[in-house]
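Letters A, B, C and D mark the chains as written, and numbering starts fresh at 1 in each.
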Amino acid sequence: MASFAREEHQFLAELGLAPRNPGSFACGAWGGSGPVVATTNPTNNEVIAEVVEASVDDYEKGMSACFDAARTWMAVPAPKRGEIVRQIGDALRAKLHHLGRLLSLEMGKILPEGIGEVQEIIDMCDYAVGLSRQLNGSIIPSERPNHMMMEVWNPLGVVGVITAFNFPCAVLGWNACIALVCGNCVVWKGAPTTPLITIAMTKIVASVFEKNNLPSAIFTAFCGGAEIGQAIALDTRIPLVSFTGSTKVGQMVQQQVSARFGKCLLELSGNNAIIVMDDADIPLAVRSVLFAAVGTAGQRCTTCRRLLLHESIYQTFLDQLVEVYKQVRIGDPMEKGTLLGPLHTTASKESFLKGIQTIRSQGGKILLGGSSIESEGNFVQPTIVEISPDAPVVREELFGPVLYAMKFQTLKEAIEINNSVPQGLSSSIFTRKPDAIFKWIG
Amino acid sequence: MASFAREEHQFLAELGLAPRNPGSFACGAWGGSGPVVATTNPTNNEVIAEVVEASVDDYEKGMSACFDAARTWMAVPAPKRGEIVRQIGDALRAKLHHLGRLLSLEMGKILPEGIGEVQEIIDMCDYAVGLSRQLNGSIIPSERPNHMMMEVWNPLGVVGVITAFNFPCAVLGWNACIALVCGNCVVWKGAPTTPLITIAMTKIVASVFEKNNLPSAIFTAFCGGAEIGQAIALDTRIPLVSFTGSTKVGQMVQQQVSARFGKCLLELSGNNAIIVMDDADIPLAVRSVLFAAVGTAGQRCTTCRRLLLHESIYQTFLDQLVEVYKQVRIGDPMEKGTLLGPLHTTASKESFLKGIQTIRSQGGKILLGGSSIESEGNFVQPTIVEISPDAPVVREELFGPVLYAMKFQTLKEAIEINNSVPQGLSSSIFTRKPDAIFKWIG
Amino acid sequence: MASFAREEHQFLAELGLAPRNPGSFACGAWGGSGPVVATTNPTNNEVIAEVVEASVDDYEKGMSACFDAARTWMAVPAPKRGEIVRQIGDALRAKLHHLGRLLSLEMGKILPEGIGEVQEIIDMCDYAVGLSRQLNGSIIPSERPNHMMMEVWNPLGVVGVITAFNFPCAVLGWNACIALVCGNCVVWKGAPTTPLITIAMTKIVASVFEKNNLPSAIFTAFCGGAEIGQAIALDTRIPLVSFTGSTKVGQMVQQQVSARFGKCLLELSGNNAIIVMDDADIPLAVRSVLFAAVGTAGQRCTTCRRLLLHESIYQTFLDQLVEVYKQVRIGDPMEKGTLLGPLHTTASKESFLKGIQTIRSQGGKILLGGSSIESEGNFVQPTIVEISPDAPVVREELFGPVLYAMKFQTLKEAIEINNSVPQGLSSSIFTRKPDAIFKWIG
Amino acid sequence: MASFAREEHQFLAELGLAPRNPGSFACGAWGGSGPVVATTNPTNNEVIAEVVEASVDDYEKGMSACFDAARTWMAVPAPKRGEIVRQIGDALRAKLHHLGRLLSLEMGKILPEGIGEVQEIIDMCDYAVGLSRQLNGSIIPSERPNHMMMEVWNPLGVVGVITAFNFPCAVLGWNACIALVCGNCVVWKGAPTTPLITIAMTKIVASVFEKNNLPSAIFTAFCGGAEIGQAIALDTRIPLVSFTGSTKVGQMVQQQVSARFGKCLLELSGNNAIIVMDDADIPLAVRSVLFAAVGTAGQRCTTCRRLLLHESIYQTFLDQLVEVYKQVRIGDPMEKGTLLGPLHTTASKESFLKGIQTIRSQGGKILLGGSSIESEGNFVQPTIVEISPDAPVVREELFGPVLYAMKFQTLKEAIEINNSVPQGLSSSIFTRKPDAIFKWIG
């Protein structure tokens, strides 16, 4: 791979990555008998490295060891489990900048976002350490004299974590840190297009288990696609599966897991709105919308996709917004000053372009952007669209930097528009009126 | 007593009160070997009834029985204790209006406030019932393998409750309802000037213990003054004493209780401010200040005593406030439409008049009121004073309807004035700016 | 109906029931355009009364009104909602004995169990009243200076509750009391074979809403079968469905509800074991097993179905158990002294008999019972079976008074047997060793 | 000082200590204008180093800076404060062994205990980091429509911490770690006889504030005696004072602090019992009693001072206990294998000898020990005494390795003996009966 030759990519080696990497960490050892895939840099679509994915056989062997390790891990006292997680946090902290760069290289998000995401999993570790001394059960006085009830929390055994390309570190952190201090083993499947991150993270975590003479199978990880995800969803040894990804796949996973009376944590699509009232601090709101709509190239589940503007400030706001959009620096996400990197894959770019066509066909008016950018990478223009809230495309999640601007007259109307899409997740309001704030919350 | 002859006072008999009442409820029986005192109606200073107070001997006998009853009561399962408290709530609910009228008659607060206060203790009962199933201990995972720690809440035994004249029901409720469901007996000393309320309340509570064949000594009550309060403070069998009253006496109680390693809950003076910013809803704020400063004739620990007005609305606000003050209907608190009843005692009236003299001598300008009202009762005028925040009198708690108006320029300045008095308790702000609200809170 | 003529059934009229009853309480009014069904007394299979079930049309109208009422109800402050639930508790308390007899008559459980179950919903009301003042959100300090996060709990809207014949009151209570204080409307479908209970309960609840001038549609109830259950499961206006019943139907409901991203609370089958160690207090354990295996005629989800006996006390224990089984008084559940009433329906009796055949065919040895009892009702004998833990029938839930006795040598073995069935729910151990207790819990 | 010349004391320099050390860390700088004191090694009473104590002047200057720093520190977001405490934990971890040796050298506890105590403050840091994201306030639904109440936790400002010689690190940790993440500054006064520990700890903490460009005055520390303690107790700028030490001084501090309406956390004397029932695991109990009575040379507030033995195992138990006592290795606490080091000061040794005289004069029979040991240090023999529970000396806290053995017949009697002393703190029971365990807890 050319990538490994470059001086600026030296951090790959320091993260333990090679031109060709086994992608199955099972029974505490690296292997992989699945297909060999190439992972590419979204900035120029060059191959970074090759990865040998896990096969279903690898999965079976790994899960078996993980299931066995569960007995060991759940017998470790909770505060000692917290100490392991603290060491994981420290091991990640030591590689913060290397991991941040890897995120930027393989996923395509800008470097400060990459570093910020790794910091998030570190923070989760610190938080989980505290929790490791708070896993209290209850002693409940009974109605019957001289009786009492005891409620004790026992580990589930093994928790499955399936994560998506857009937050390949942080989402693992939310799930794995809590799962581990609670005494559960973790089986992780990262996204098929970010295998190097999966491998680099797993190496760091595994080193801590090794140093403490604990079975590395406590944390088992697989690079792979739908087959492995499927196996996790159907595996009766995994009572809890956390899934992050598309609504469509999430629904399928949930049906499979609940059919076997397992439980699911789902983190699916969003279609978030920002409402700007007539009394809002406009410059503050403009900056916030820019960050919310263009950050991570619009590939967050919390990306702002709909901008609801009070009619009295509608035009002023859009004028200012267009102005700041024009100044957005597009380019290599690892370069200082870049605000907008490429979409994650060429497929993402195509999907963006197809979305723009649909928008136009449904009466959307492109105020800015709307095209891809000539380059070897997956760059597209940050895009603002004027469109009716009734256009069907508004109800879908177009995973890219496309913002729908709409006009409203009253807060009530704005809240109705906000709630008119099937996906809820996060929305926000800019106003100075406490009344409006509390109406919004309530 | 003339009082008992009057048809409108028939409720006294229905509450079990007579022209002469034993005022010591010890060992589950009424008695009293202390001095005979007369309780009077603050509206006309006529005697309502006589009460034989408890002596220290009565106290000793009663406490001994209460201490014994503690073993029985703590062995009753918490949810059953909750059921008793539920029945107390129902018994109070059945007498809500009678009790409310008694409060109005003996304490002098207007009837809606009297009924509202009884409702508060009923609400406390309902709330405590829920708590009776939530007194959970904890099971805490240990650092050591195969160990765990258990944390269980045991009753203290006996809780002492000393209440003041201004809230003779509600404050009992806060303390006794929680103490009882937690498995503690209660020793109550009400204010010396509201003995009928103490007796009527105790009769209702005791009837519930009797009906359930539980020792009435679980709830022991004494009418009396400093001697009984002293006895409670010094009694090593009472690990927790709740005291409501003046800062001076409270401090003494605390020193005595803590000298014997007991614990205190103190509810002492307040010197509360309302800050009105330039952007406030003025009519809303005017009504609120009226209610906060004149309600209960200014005899709440949460009475608003200081009004901090932004200079830009200072004069407008005061003009409107004087206007609504002039419309306050003063008179018999039991009559419909009365907004301001008498002060509680003739001593309170004298203290009000002395306070007005001090105010004048320290440069205070009386904008409205400032005198007592010719009558047989303890009525005084609702009073508004313009005064510097630096006048020493502002730092004292004058227990009556006296409001100090002051001007400020910035929120920072207002907060400094607010915090410049030794007594904190409750303060509030009127503004429409979220910034100001959160600055205020933080 | 003969039933209504009998003096001892006069309580039916006092509960508002008639020989023929509309079974749809929608939009605050009674109606029903579904099939007419007869509800029968399991003791003699005589018809008690007729009920006109709800049709899907009734459901649609009712749900629409309920959905509208949700806006009103969620705007009622939580403590006021608590006050309504408190009044519901009091209204049920006033009819405690009538309702208990109705449970005994229509469901077939013995009278003390009937009354106990109604008491349970009353207790739930009391508990929920306390909760109504504890629905606190959080204010969370942020990483960013001068920022904070607020977490507020909003009502879901409408909660669906589908209950089973065996606990036709209590399970409603667990769900509806909490749902109501949290600000949610309730749509209830009771079991098709206990419609009179559904109607009687609903009348009591509705009377409270009426007295408080609140829309009765806040509590909407339907008598009916799978069609109504289906409608609830598929209704996107119902974000949360609580289902109690068979594992098979529960699984179906869950798939349907989660397919539309709704949430489910499932209360399904159990296959509970009691483990008796060699050091156990045998007489205490014998009585407990009797109560756990024969109570409610073995028709509880928490019925003890498997008895795991340490080999050293195996025979002694069984001998004593057989002795107490022989003394169980079987008969009309409303009669004093009866310990075992009939199974709920003739179908239940047939299923019991079929189960006994299967047991025999799989090598089970009937130690006692094993037959139905000649009568007009659905009576069967309390049954003890000696069987291998490996027999497939042991892994199924036979809903009747059948107990499987098994032998073990070590606690480890006993725990393995306990966990070898697909249904978990509740299990217990009798021992005097703290080690064993904590091993059991952990 | 000879001490600094020795190779084995090189760690003193690595902790930043010198033959003469300023002992006032005020305004972020080291100084001291109080008396010069020598700190000695209890093993041989040689001087380790000199310390210049803080004067009241130093205190005033330091507190003023600390009070100012409070505004800065409370404005730092809680999770960032957590990050500082995490770094403090890491800085302590880096010096774990040096600090542990310093504890052993200056306080006299054996090395594993010294290291264990430093580990405790490190664990507290880790725990507090988690808390820094959990300082949640509440949003409470109101009775009034469209109202809600907010409850927010604000820092107190400055917390005073006065610690004792026996746990010079850990007790600081319990208080300071929590105080700091909650946004409070800390003023610390260590014990007059462990100034080097105070200085070494403070240097480490201060280095973290410096590295993060935060005012070091956030953590202000003074070596000194009663004068400084007094100043803290009387200082109205310190709303909360944590005091650990003798009951007599603690009471005085509490009276002073509460007189100014401040709050106290007191950790005073203990007089702890171990009850051994007839069914107990004797070898386990013997080992535990040894550890509990002789550990830290009996100078813990949780030291076991009273051994309550069931009459049926009384003699057997004592025989075995005497046997293990005889094997206790006494000597230099820093040497491997030592189990019992010296008492902290020569005064402690004298007080031990005086206590033995009193014991004899009250009928106590010395079964083992009872003398000091000839040496240059403060060594005494581990001592077992047979004595009546009624002897007055049993009710006092003799701070040394003296254990009172007593006989009982029933659990009830044992619990009464246990509760017959004025000091409660921690007690324990050895039994295999769950009944006894739960009777004990409840």
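Here, contacts are C-beta pairs under 8 Å (C-beta built on N, C-alpha and C of every residue); 3 or more make two chains touch, one makes a residue touch a chain.
Everything numeric in this text was worked out from a predicted model, so none of it was measured.
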{"item": "Label of the chain whose CA centroid is most distant from the centroid of chain C", "value": "D"}
{"item": "Of B-D and B-C, whichever chain pair has more C-beta contact pairs", "value": "B-C"}
{"item": "Intercentroid distance (Cα basis), chain C paired with chain B, Å", "value": "46"}
{"item": "Averaged-CA centre spacing for the pair chain D and chain B, given as whole angstrom", "value": "41"}
{"item": "Contacts with 2+ other chains: residues of chain D", "value": "79, 133, 150, 152, 442"}
{"item": "Residues on chain B engaged by chain D in the complex (per definition of touch)", "value": "150, 152, 154, 251, 254-255, 258-259, 261, 441-442"}
{"item": "For the chain B and chain A complex, residues of the former touching the latter", "value": "75-80, 133, 135-145, 147, 150-152, 432-434, 437"}
{"item": "Contacting residues of chain C [partner chain B, same complex]", "value": "79, 82-83, 86, 123, 126-131, 133-134, 146, 148, 438, 442"}
